[in-house]
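To keep things clear, I will list the structure first and then write my remarks on it.
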Amino acid sequence: MDRVRITIVGGSGYTGGELLRILLHHPGAEVVKVTSERFPGRPVGQVHPNLRGRTELRFSSAETLAPCDLLFLCLPHGETARRIDGFLSLAPRIVDLSADFRLKDPADYEKWYGFAHPRPDLLGRFVYGVPELHREAIRRASLVAAAGCNATATILALHPLHAAGLVGERGAVVEVKVGSSEGGNAPSPATHHPERAHCLRSYKPAGHRHQAEVLQELGAKGPVRVHFSATAVDLVRGLLATAHVFPNEPVEEKQVWRIYRQAYGDEPFVRLVKSREGTYRYPEPKLLWGTNGCDVGFEADPQGGRLVVMAALDNLVKGGAGQAVQCFNLMHGFPETAGLEFPGLHPV
Amino acid sequence: MDRVRITIVGGSGYTGGELLRILLHHPGAEVVKVTSERFPGRPVGQVHPNLRGRTELRFSSAETLAPCDLLFLCLPHGETARRIDGFLSLAPRIVDLSADFRLKDPADYEKWYGFAHPRPDLLGRFVYGVPELHREAIRRASLVAAAGCNATATILALHPLHAAGLVGERGAVVEVKVGSSEGGNAPSPATHHPERAHCLRSYKPAGHRHQAEVLQELGAKGPVRVHFSATAVDLVRGLLATAHVFPNEPVEEKQVWRIYRQAYGDEPFVRLVKSREGTYRYPEPKLLWGTNGCDVGFEADPQGGRLVVMAALDNLVKGGAGQAVQCFNLMHGFPETAGLEFPGLHPV
Amino acid sequence: MDRVRITIVGGSGYTGGELLRILLHHPGAEVVKVTSERFPGRPVGQVHPNLRGRTELRFSSAETLAPCDLLFLCLPHGETARRIDGFLSLAPRIVDLSADFRLKDPADYEKWYGFAHPRPDLLGRFVYGVPELHREAIRRASLVAAAGCNATATILALHPLHAAGLVGERGAVVEVKVGSSEGGNAPSPATHHPERAHCLRSYKPAGHRHQAEVLQELGAKGPVRVHFSATAVDLVRGLLATAHVFPNEPVEEKQVWRIYRQAYGDEPFVRLVKSREGTYRYPEPKLLWGTNGCDVGFEADPQGGRLVVMAALDNLVKGGAGQAVQCFNLMHGFPETAGLEFPGLHPV
Amino acid sequence: MDRVRITIVGGSGYTGGELLRILLHHPGAEVVKVTSERFPGRPVGQVHPNLRGRTELRFSSAETLAPCDLLFLCLPHGETARRIDGFLSLAPRIVDLSADFRLKDPADYEKWYGFAHPRPDLLGRFVYGVPELHREAIRRASLVAAAGCNATATILALHPLHAAGLVGERGAVVEVKVGSSEGGNAPSPATHHPERAHCLRSYKPAGHRHQAEVLQELGAKGPVRVHFSATAVDLVRGLLATAHVFPNEPVEEKQVWRIYRQAYGDEPFVRLVKSREGTYRYPEPKLLWGTNGCDVGFEADPQGGRLVVMAALDNLVKGGAGQAVQCFNLMHGFPETAGLEFPGLHPV
């Protein structure tokens, strides 16, 4: 089998590093080029120290970009949209990991990102990259916009309930707890270790941009309200979304089980996690470090007429590079789990 | 000034250790006895290693209990209620740190704790120990039930809003994130370091007992719904309560500021924390480690008609021993901050 | 190719979990049975939560042990030696992960473990399982004693220097820093999260048992003194050995490079890590979490006539289950890296 | 009693923050000014968030410096020496927290710091600020150079042994493990949380500058060799020095106890920590967070003819601002423990 010839544009960040980690061991992929404007000429293993000795690849400048089979784009938000024509001329398929083509409505970019999208004409051509929702469209897609990490967890937590009409009029209150790698690899006073360590910090109690993706994706099944807050915790990787939902009518636990089993029973990367005993009774992000899994669980609060749904994932994998590779596998007809078999560690 | 002669019953746990740390440096207190059934005869510094060289005290068995001025009771829930007559005969004043006398309605003990309270006649005699709500009653009280940690944070976050009629019909969704010291000092599989480290774990998505205290205290101002969930994070100390509230009508930020300033402007231990810039824009528990402070902040979400309120504290201090000493100070006419001046550390 | 039929005896601990994680994805292995006396009948994924949904295996009692191709033994020290005859009758090959057959000299068991070895006759039949030292012997072995984690790191740090005659008369001072998973999965007061978190704790300043293995293995090349201390740090996985060596004569850095390159240049799991710049200039354990790698680096201290050598690894993988599988690969003629390709994560 | 009027020069860093925390609660000190060139005009509580609501002080520019009773200087190394004449004209007493006046021999600055000291004439006038060694000189001093954190721990670990002639010809191998606050508050790639978290990192295996202070201070009692290495661990505060010493002749444990008791028995801030059982058998830095204590312990290794000595402290307190205040107390005749009574937290 010929390997798919891949270029990673903007490969020196955390997402680029994860793409490299996964693709270097992927049976159907060959990374032919990886660009970085900060580190041209530098061996990949110097920038991504886990890959020392694993590859001879060096970073190139974007000036050297050449035609290939597929581009993974890991550029800062705004940059991809600005340079999209160049990228389209290089490869028949693109997976973009920025937010630039996730939203369908240009007005949403003005509202949530405060920027006038330069290429609204292309928004409709990108498929939103959550395979659990858009598997068939991704298989046929040439352009995929990989989903945001918080959005992926929130969508996977709520989508089945919403589709079943169980998210009541009051919508969902979603509190996402996240690790520090979500912010990328640029140092700042807030990410300085003595400040960021031991943190339990509301960093975005309202107005988080990923909310736009959630509303768009759940909204396809009818109007929905999502009240979103994000809190930083002392982890590097990992994200737990806790969604509080108030169905219009009381719901039996059995019914909820059925809904989630129907939605995810055949999914290769979503597990239902809910036990009566033991330490890990609900989804726990650390068990998913390095994996492409999303664990989903729930608990009913009959007294309060509430359903609490949790979804955990690794923000850099299922919330980033891993889900992008999952889309790539679908686009190219590989087994969906190719390159994504790592089961995670315990204890960790 | 004569020092108040104090006995701590059940002093080998984390709360007992904090009481000792605070009271050994309190200008008006003299700890004359501290009991422990596990470590009778053992020097206090062997069990609470921070106190090595700070005191000559040794633990005694409860059999040696003798009359004194005030008892701090740090016994497992259920134990205090069972032995209360003995304690009442020993001292004119008691501060109980268990949950046994926090609730007024015996039915609440059956509902939330599953136990038939043996002394419902006494429930009305204990004052609920949150000075910000019951300062005058505590001054006059001979019996105080120190509040739970999650309850204290939630109450301090919501009380001013609720009193102002701003917690709408939908009530509040409260998500509390807590460190491991909340669970006490008994090892278990779930608290084993390799399991508890890096955790981000829904440990009580619904049905948490502290909810009963919150409902009781807020309910005094009219009916209220509180939807409570607790998540364990990788901290030893510290608790952040995030409350999502949906006022019936839009609220201006100014108005919220005014409400909280009015409620807490003169409080010695509650700070309003809300900045537009910097790393610490909202309440952050780690800054409060070892202090009796509770930091409260908020953010409006105009798009969602939501108000997000955060309250942070150290679960063992303002959520435990510190607040108990604050009550003690009021009961004995000491300055309210006596022994509680530690300002917290940064960085940490 | 027929898969090797494997039984894991004592599979509910951390080492057993790692063996399962690795072997379930190993192309040449089939785990036909895994025993646990604590959890007979329980699905493996309930005890090792990372493996939920990855296997249908359930734990069995040791009473059900049946013949197979190879046994991995993960029993408490002492237990293997006591039951060895039974195990020998079950499989032609055994890899023992306890300390029971690591030492050649029965007197060493009395000295370091304080126990009279019940089967000194068998000590000579086990090959010490560090492939970098005993590759050919392991290939031919039917019995392998997988090495201890601290010992593996110390041996890999010092062996090339010692073989080159550069560990002077004064020997080496070795300080090992280790995470909490080294202690296994049994909760205790010292491993309770509030106590073990943030620790920086001399737990074995002198007299550590792994020293015996180090002396035996290095001693094969002539007498050596090793002064060993172990300090616990706030990690779950990971171990860094820092060895301070005082060569009899000044050594050039180039010479040291040459020695290590010659020793490890072709090794699949040992990397030399030493850079002039960057964050990861020397070996760093976290980059090796989940991998079978051991990173080795060094720095000369010309002023002090000292050579500082560092070796990092994951105590549960290269210091445990991974190295055991590496030995298994050699014993069965598989590629040495089979099942052990995971490159590690960054950031983490 | 009139309070001593204090100015802190360079008060926006971590050491400045600690000085403020301590001095704002010191019965004999009044901080009249604190300078910062980065934050002139800014309230102290905005930069040191633990001090919000604790002081009305604002930062001033150094241009506004005015005469006062004592200056604490917290400037970057090199800066103090350059501006020393100006400072000398402002106050009769100075405590300098930089390295600029710690060493007596100008040649040491060239050797260890690579800089030609601009004012070698003043080196002899500063007293090295470790009260346990120079109490009487500090009492009489007008100029004190507060000691480095690693140096303080190493000196307190080794000084009694060295004075007793028990550090043999081979000297001491000292491995110091440190938290991230030691590096100050400037963000960098290496201190970015995703990189610095979980670290176990040789950052200075040889050539650490604090070694110069150690050699100077121990050298006063005769020649000594100290082989020093520093490893970064995942803590914010805290430092553990482990010193391996090889006495020329076998030493009894009793004798070592006697030596340390004699040296530190009356010291207000040094505790001897050595127990046969329990979790905290040796010095543990986390118990000292926020305190001015230094815990010292030891263990004999009779097999190896070695003595292992450990010293723990909080690098920002006993290794920084706290020790500076201890010197200040001595210089002004306050009780040595004034402002430094905080006993530390447990659990933490």
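Per-chain residue numbering starts at 1, and chain names A, B, C and D are given in the order in which the chains are listed.
Everything that follows uses one rule, which is that a contact is a pair of C-beta atoms (placed from the backbone, for glycine too) under 8 Å apart; a residue touches a chain by one contact, two chains touch by 3 or more.
These figures come from a predicted structure and were not determined experimentally.
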Interface with more contacting C-beta pairs, comparing A-C to A-B: A-B
Far-end chain from chain D, centres as C-alpha averages: A
Whole-Å separation of chain centres (CA-atom averages), chain A against chain B: 38
Centroid distance [mean C-alpha coordinates] between chain D and chain A, Å: 46
Distance from the mean Cα position of chain C to that of chain A, given in whole angstrom: 36
Touching two or more other chains - residue numbers and ranges from chain A: 14, 181, 185, 189, 194-195, 198, 234, 236, 279-280, 284, 347-348
Parts of chain D lying in touch with chain A, wherever the complex brings them together: 14, 179-181, 185-189, 191-198, 234, 236
Residue ranges of chain B in contact with chain D within the complex: 14, 17, 21, 24-25, 46, 48-54, 181, 185, 236-237, 271, 273, 275, 278-280, 284, 287, 289-290, 341-348
Residue ranges of chain C in contact with chain D within the complex: 170, 173, 175, 177, 189-190, 194-195, 198-202, 205-207, 225, 227, 229, 231, 233-235, 238, 240, 242, 244, 246, 279-286, 297, 299-301, 303-304, 306, 308, 310, 312, 347-348
